[in-house]
Amino acid sequence: MREELIVRNGFVFDPLNGIDGEKMDVFIKDGKIVDKVGSKASVVESSGMIVMPGGVDIHSHIAGSKVNSGRVLRPEDHEKDYEVKTQITRSGVGHSIPSTYTAGYRYARMGYTTVFEPAVPPLKARHTHEELDATPIVDKACFPLLGNNWLVMEYLRDGKIEECAAYVAWVMNATKGYAVKIVDPGGVEAWGWGQHLRRLDDRVPHFEITPREIVRGLCKVNRLLRMPHTIHVHTNNLGFPGNYETTIETMDCVRDLASGDRPTIHITHVQFTGFAGTSWLNLGSGAPEISNYVNKHSHVTIDLGQIAFGDTTTMTADGPFQYLLHKLSGNKWINADVEAETGAGVVPFHYKKSNYVNAVQWGIGLELALLTKNPWQVCLTTDHPNGAPFTEYPRVISWLMSSKARARVLAKINKNARRRLHLPGIDREYTFNEIAVVTRAGTAKALNLKEKGHLGVGADADIAVFNLNPKEVDPSKNYRAVRKALKKSAYTIKDGRIISRNGEIVESSMGKTYWVNAKTSEDLMESVTSQLREKFEDYYTVQMENYIIGESFLKAPSRIEVSSEV
Amino acid sequence: MKTVWEGYSMGGIKVKLLTGRSLDQGKSKERGKLSEDYVKCVAVCEFNKEDLEAFKISPGQNVRVSTDFGSVVVRAAASTQQLPKATVFMPYGPWTGIVVNPETHGTGMPSLKGLEAEVSAAPSEKILSLKELVKQFAGR
Amino acid sequence: MKELVLKARRVPNVPAEALVVSPNFIAGKSVEEICAAEVWEGNRRIALREVFDVEGETAKVAEEQAVKVIGEAGKVRKLGYQMSSGLITVDGNAGMYLGEEMKGGTITVNGNAGSWVGTKMGGGTIEVKGNAGDFVGSSYRGSRLGMKNGLIVIHGNAGNEVGCWMRGGTIRVKGNSGQFPGMHMSDGTIFVEGDCGGRAGAQMTGGRVIVVGRLLTVLSSFSFEELRGSVKVGEDKVGGPFYLFTGDVCENGVGRLFVGVNRNPHLEWYKRFIETPGDGLCRLV
Amino acid sequence: MRCLAETFSNVVCTVCGCCCDNIEVTVEGRKVVKVKNGCAISMSKFMNYGEERIPTPLIRRKGELAEASYEEALREAASILKKAKYPLLYGWSLTSCEAIEVGVELTEAVGGVMDNTTTTCHGPTVLGEHDIGVSTCTLGEVRHRADLVVYWGCNPLHAHPNHMKRYTVLSKGRFRASRKDRKLVVVDVRRTDTAKVADFFLQVSTNEDYELLSALRVAVRGDEIEQDSVAGVPAEKIEELAEIMINCEFGILFFGLGLTMTPGKSRNIDLALSLVRDLNSKTKFLIMPMRGHFNVTGVNHVSAWETGYPYAVDLSRGYPRYNPGDTTAIDILLRGECDAALVAASDPVASFPAKACRHLAEIPLITIDPHYSATTLVSDVVFPSALTGIETCGTVYRMDGVVLESKKIVEPLGGVRSDVEILKDMLKLIRG
């Protein structure tokens, strides 16, 4: 039986329930938030501390084939950053590509309890689930890559939107996925031939379709299926100067598909597609333009992909971009194309303050966060590990909360970059409430996770308590205290159990894996499945039966049923 | 007395020794490693037809293969895969383990191909079974 | 200088690791503290006194500290780890990773040393009177940060990949070296006085590899430049003549490979590029 | 009594890294009576899986292996591992990822070194990748797009008999209809059966692959090769191959142990990876190691996500450390530095150099294997186990990282447990 808990007397930040730093108690029973508990409940004394829902990371590459390729590529990344086994925890290594156990513990220590892996080649989804199942404590889910999928492109080219929807539903089921991920739509297929495709209206070789049609088509599919999350898009042209225009164009290409205030598109790691300028020499920030667009349009949510200076590993499904980065940096390079579906690349990278481009990138991410007015449209990410390892979140938060902290970095970065950036002129500072939005409430909302990101009755009892008194500490001035407190939570509570105390894991558990079962009409699914059966052997080198992942393959599946419009 | 460890030069024919997978080795290991079939398929040294003639060795005859690292008796056979001159091939197995160079040079991988070796006809010597071979080099 | 003597009590049968055998650790501590210092024997944490008898004195600062290891320490790894000054003398063999990440000071081994001598070294001197294993002065796996500075002298032979990903400093092998001296190196000097197992300078981008003795072949990714009468290594002028090659072309490298003419008659064909008067090539060099 | 015949389709073959998943196996009770779509080795494995099976656990008593109870064998094994200061836990390529995961946990618990058969196949490939990276793909990409297939130092017709048929020159892809649309190049020391069907064959001198690769890189750059011939190949032929590679639309280089085991080892691979990387500035070119042993790719993956490193992981200090050449099985054995060993799902005594095997025989040795093997002969404790992919199911990785579920098609022998069960029981006993 699970015990009852009271998180007592903390300053609670629970934006989804309109609670902004009120001193109050949070009650927990059987792993859920309740409105009262018995007198025997254990007490987590939190007076003088911040209490927030557990963190929800919308976009972090923690599991799967490309992450693991990165681990194998970089023993030098792990050598000096390791964790010794304890009675409770398994050993492991960091740094930018931590082993699965270490990743789970490190998230939990920072008060994060839910993490979504955003790039899964459907053919290799089993691998992702194996790793997610070896990632302790946090709840998780993964996004299958569909923006270069042959069947998707063919259905959309032929205008068969409903069939496409049924196929996407089939993929979600077959891969136990959560949301539609699009990476460099059409561009990765072109990369299969070593070609680059940059613009929204370029044609994908052999497929007679454009990126614009793929994004729009999948956006419609997503709506037809009533998927909990929007399409999650990594745009074309990532990593090229001037790409902020592609970002805005991509946002705008689904504007008419919006209904009400519900977002229709999530653009991910916008920093990497927020470049203004025409070359690396005059690279600038496109953040003002992008934020301006987002401020005027409610159909968009974004996440930052903020960079932090230092050594990390870049990894995306965007094969051509990773090749570009390899050519630019001279660093070692992994490419991994996946038949009929997608690709991937991995390149180690060191962001330097003295480097003009890196310094501009640093500024772009922060400008996006600070110029976008509505924090509910912004999710904090570093696109782990692309911009920085997720363990840098406390540092990123301190930059958002303190212009002084930003100024200190600005003083040290490349001078020309400083001149190009708008950041020195921005004095906005995030409040704790806004931080709670961009790290948990807003991300949970964007993912439509009803039981996450808030502390209302019925929510999962995933709670982070930080030893920081918001009445006494001014985060603007004392940003170091913020960093220190966020790095190691005083308590992280997962499903109603204290699993981390002052940065030490005191109990380990295995979280669940969400997946979406989008039910379409039986006739439609039947007909699409039989079409698939015909094509499967022509497209794939595995049998259709062996491609499908049964629910029992997952250690702790959590199925989300949605009934589609088709 | 020389042990199996030291290897010994017998004034045999100098050759390059390759080891590797073969279809027969693959099939026979699945039939059981204590089987006669396994010995037949794996305790083998393959030669070029030209080399067999030049060395006056006939297929089926026993030969001793020696390197700086050890020495083992196996059966001579004609290679179906054409070998370069004065090069012999042995399929992977415990018999090759005796003669390969264990040195890894800091890579973890011993030196299993392209070894300097000597072969000589060994008509009166017996090919050891797996059990006998293991007993000989491992003492168990 | 004050000397602390460590006498090996027994030879461990599993790998032992003694990061504490370094002037930096020892200086400023009592002999009692040193005796109790942590050493790993396989998966067991033990005290230094279990493997070494400790005698002598400790100095206040590392500069004043000499450490002498007597007996068989061939299984004891990482002697002199990260040391920045002082002296270590090993009367016997030293285990792997001798002087790893060393920054200064001197290590002398009067026997053989295992592989990875002076890996990631940033300064100081290591002298091995016997042979050394593979990867002398190299980087860690996957890293491009090999030896940066300092001097390593191997009086006997060295194994493969001497100076792998080396970035500076000097490695001198008085005996023979294995294959791939100067693999991926970008700067510094590797001087092999004996023969080389081959593939010298492979994939180098800069720096110098000098092979006085026999080198079977020169990779086709090296282009012949000219004959040199001698080459300077530190203060020494080493007599040649040498063939001078540059490469590795495939890495856009500007490394220089010197190969002794006398011991390598099979490379004589390169001379055709300089010896024929009237041949256009001669003007190129 | 004759049992009813039952046919299983889409069975994953358990022989090599091709992991063909279209095998049809008919069984009658515990007997396999028919195998369809499998290669000759696959047939042999399925049909003969019941040969030379170990019926019960064994413990060495007075020098001879004798029958023992499961509990007794477990106690003995646990005691060996607990006592050891530096145990080696080796093998893992013929079992499921689920078993390998328990293996990592066990290694961590006993403070040992976990190495797998990668050590003696593509360990050098991993080392090459650490320095260069790798430009690769899944096999279907080759099937659909490749107009140039190069096999270097490998003989797929013998070692991966279905490779060409299912994935490369003999397969039918979306953009390549038949053999005519593809060029096959073979580089090998021997004129193998694979070489005999090639369109272009280069016979490289033994031990000189590195020299040839280096010259080929020179030619791909468009520079002149100063030598008349390199590695026994005339410069013009090298230049011809460079032209073929540059001018293809989509090329792939498959390489085997002919590169990883010959002098140069990891550096041969370093250069092959570099060559392919260079080619990407001129055309689309990819590279893939011909992984041999069934789930050896899976071991690398499990090991990497659990510890950060794909093989040769030293957990003696309670956290993962890694340095092949030091922490690899053969080096440890040659230095005589492990004081106990557990071998699971592999037969090192049949494949390691004899000197390494001798140390294995000298220390307490536990083996988990379905069959009698050279290794069981020298073991002190032997656990019979169910055959993964025949008697028990489990996750396995194809050579290109595609993951498949192997199937259970027959019941294991009475009393014989799976690797997962045995390892878990051992772990439980050790943790007390």
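Which chain is which? They are A, B, C and D, in the order written, and residues in each are numbered from 1.
Quick note on the criterion: a residue touches a chain if its C-beta (ideal position, glycine included) is under 8 Å from a C-beta of that chain, and two chains touch if they have at least 3 such contacts.
A quick note: this is a predicted structure, and the numbers were derived from the prediction, not measured.
Enquirer: Could you let me know which interface, A-C or B-D, is made of more C-beta pairs in contact?
Expert: It is B-D, judged by the count of C-beta pairs in contact.
Enquirer: Going by C-alpha centres, which chain is most central here?
Expert: D
Enquirer: Once you find the CA centre of chain B and the CA centre of chain D, what distance in Å lies between them?
Expert: The mean C-alpha positions of chain B and chain D differ by 22 Å.
Enquirer: Averaging over Cα atoms per chain, report the distance between chain A and chain C in Å.
Expert: That gives a centre separation of 46 Å.
Enquirer: Quick check: how many Å separate the C-alpha centres of chain B and chain C?
Expert: The computed centroid separation for chain B versus chain C comes out at 38 Å.
Enquirer: Which residues of chain B are in contact with two or more other chains?
Expert: 105-106
Enquirer: Two-or-more-chain contact residues of chain D, please, as numbers and ranges.
Expert: Residues 127, 130-131, 263, 317-318, 322, 324-326.
Enquirer: Please output the residue numbers of chain C that touch at least 2 other chains, ranges allowed.
Expert: Residues 115-116, 134-135, 140-142, 161, 179 of chain C touch two or more partner chains.
Enquirer: Could you please write down every pair of chains that are in touch?
Expert: The set of touching chain pairs is A-C, A-D, B-C, B-D, C-D.
Enquirer: Using the touch definition up top, name the residues of chain B that touch chain D in the complex.
Expert: 4-5, 16, 18-23, 26-35, 69-70, 79-84, 87, 89, 92-94, 97-98, 100-102, 104-114, 130-131, 134, 137-140
Enquirer: Residues of chain A touching chain D in their complex?
Expert: 63, 65, 67-68, 71-76, 78-79, 82-85, 90-93, 97-101, 123-124, 126-127, 130-131, 134, 150, 192-194, 206, 323, 326-327, 332-340, 343, 346-347, 538-543, 545-546, 553
Enquirer: Hey, which residues of chain A end up touching chain C in the complex?
Expert: 73-77, 79
Enquirer: Residue numbers of chain D touching chain A in their complex, please.
Expert: Answer in residue numbers: 9-10, 12, 21-22, 97, 101, 105, 108, 126, 129-141, 143-145, 166-167, 174-175, 249-250, 277, 280-281, 283-284, 286, 300-302, 304-310, 315, 317-322, 395, 397, 401-405.
Enquirer: Within their complex, state which residues of chain C touch chain A.
Expert: 139-143, 145
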